[in-house]
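I have a structure I would like to understand better, so I am pasting it below and will then ask my questions one at a time.
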């Protein structure tokens, strides 16, 4: 289980990673294993629609049990499939990197993190940094 | 008509086929001729969002009167058509293999089965195995 | 966690309870703690739209952390609130008895069961019978 | 403008108020003037569906330019109006207390806060405490 305290740690470390690396202002969503929001923060200067993107990246990972990298590859190979997932999950599905599964030491999925604001690759780096700083295992 | 007893037989045989073949944990939905759910089971270890995918595969087959193979080919040839079907049917449309029509001996459509969890091709094999074990004719 | 085996036990016992009591044909949905479907069965003779009702009863219980009885009372006292919940959760919210929380021995919510087909009160009795037969604690 | 730093202050003070007063675990959403999420936190032990309720309370306040108290009174006097607002705003409208407008010293609306978890009246008290602790004016 990801407690609120752990979710705050994830967000804090992900935003710090973005600041250190000079990335654009990031937004970070932390979801539980069922896809429900635990915590979210949007940095000053980020565009207003960032919550839906951050959640959509994380939500898709949870629903399919895959990291954002695998989902982005599926989108490139078979776009009609990932387009369908977007409709299927009520629009909460963004098939690019930056969604990262959170696993415990036994490999169980505890939740997912979604980061948006910079390139998808950089978003994923920040998400992984946040997850690992909180003591969990990341599947990007 | 697919009775609940027959739907259980389909699910049981499809899951057994998956286990025998060493597939990932499968989820199986059985729909009646009107696209309404009769029965569903999600194997332990499958990701939480599998119901929508299983139903979406079967629902698309029923709405168009086609097997998942024909729908996937249409998606490859004309993706804007299947993307539109997804919106048209409220997101309940997944244009890949693994959705299979259930027909009786006279060729009448009684319902459809949707399987998800492994590759789309393997999902379809498990769905066909379930349908045939229950004494129906499958159109993959 | 409610395994698929446990979900089958819940459904079997709930349907048996309905048959013993001479109720109308029942439909039973079992959801995990995040509101995602594990298993569903619709009895022969039930109307086609029963899945959405069964899931909607269980889903509402999970989202609010309340049993169907408390939700029905809230609906009677403040209908605009429960009407709003229906829109909020994309229509997956049915504020009547028959949705029942599933708890473990420590009181943790593991999921929920939704039953529909007879009166709401009888639906709840069948749901509780299913949950208790599987060794869990029911909050009706 | 409500900066992320200010949003964190609002959430921290609202959660502290709830803890001091012995309320159920609260969830707090902070929205900007356009209704877009800046920050959200869900306390451990709260049910999973709390984000939608917290946002829905705050979103309704912003869309109508009214505090949750005025909206709840309107719901009691004319429920068909607030039911329609729920559909109008895509389900993001919860017409009960606990949504509070955030104003600056000149009376301009900067955003809104939504709190959920205890009674609607107590939710509103926590929201006001959070807003005032951050140096803004609250319209409950």
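Chains here go by letter, A, B, C and D, matching the order in which they are written, and residues are numbered from 1 within each.
Convention: contacts are C-beta pairs under 8 Å (C-beta built on N, C-alpha and C of every residue); 3 or more make two chains touch, one makes a residue touch a chain.
A quick note: this is a predicted structure, and the numbers were derived from the prediction, not measured.
Comparing each option in B-C, C-D or A-C with A-B by residue number, the pair that reproduces over half of the contacts is C-D.
One simple way to say how far apart two chains are is to compare their mean CA positions; for chain C and chain D this gives 30 Å.
Each chain gets a centre from the mean of its Cα atoms; for chain A and chain D, those two points are 25 Å apart. Taking each chain's centre as the mean of its C-alpha atoms, chain B lies 43 Å from chain D.
Residue positions 48-49 of chain B each touch two or more of the other chains.
If you draw each protein chain as a dot and join the dots that touch, the picture is not a line, a loop, a star, or fully joined; it has some other shape.
Considering their complex, residues 46-49, 52-53, 56, 75-76, 79, 82-83, 86-87, 90-96 of chain D touch chain C. The touching residues of chain A, when paired with chain C in their complex, are 32-36, 90. For chain C in complex with chain D, the touching residues are 33-35, 62-66, 78-81, 83-90, 109. Looking at the complex, you find that chain D touches chain A at residues 3-4, 7-8, 32, 34, 36-44, 48-49, 51.
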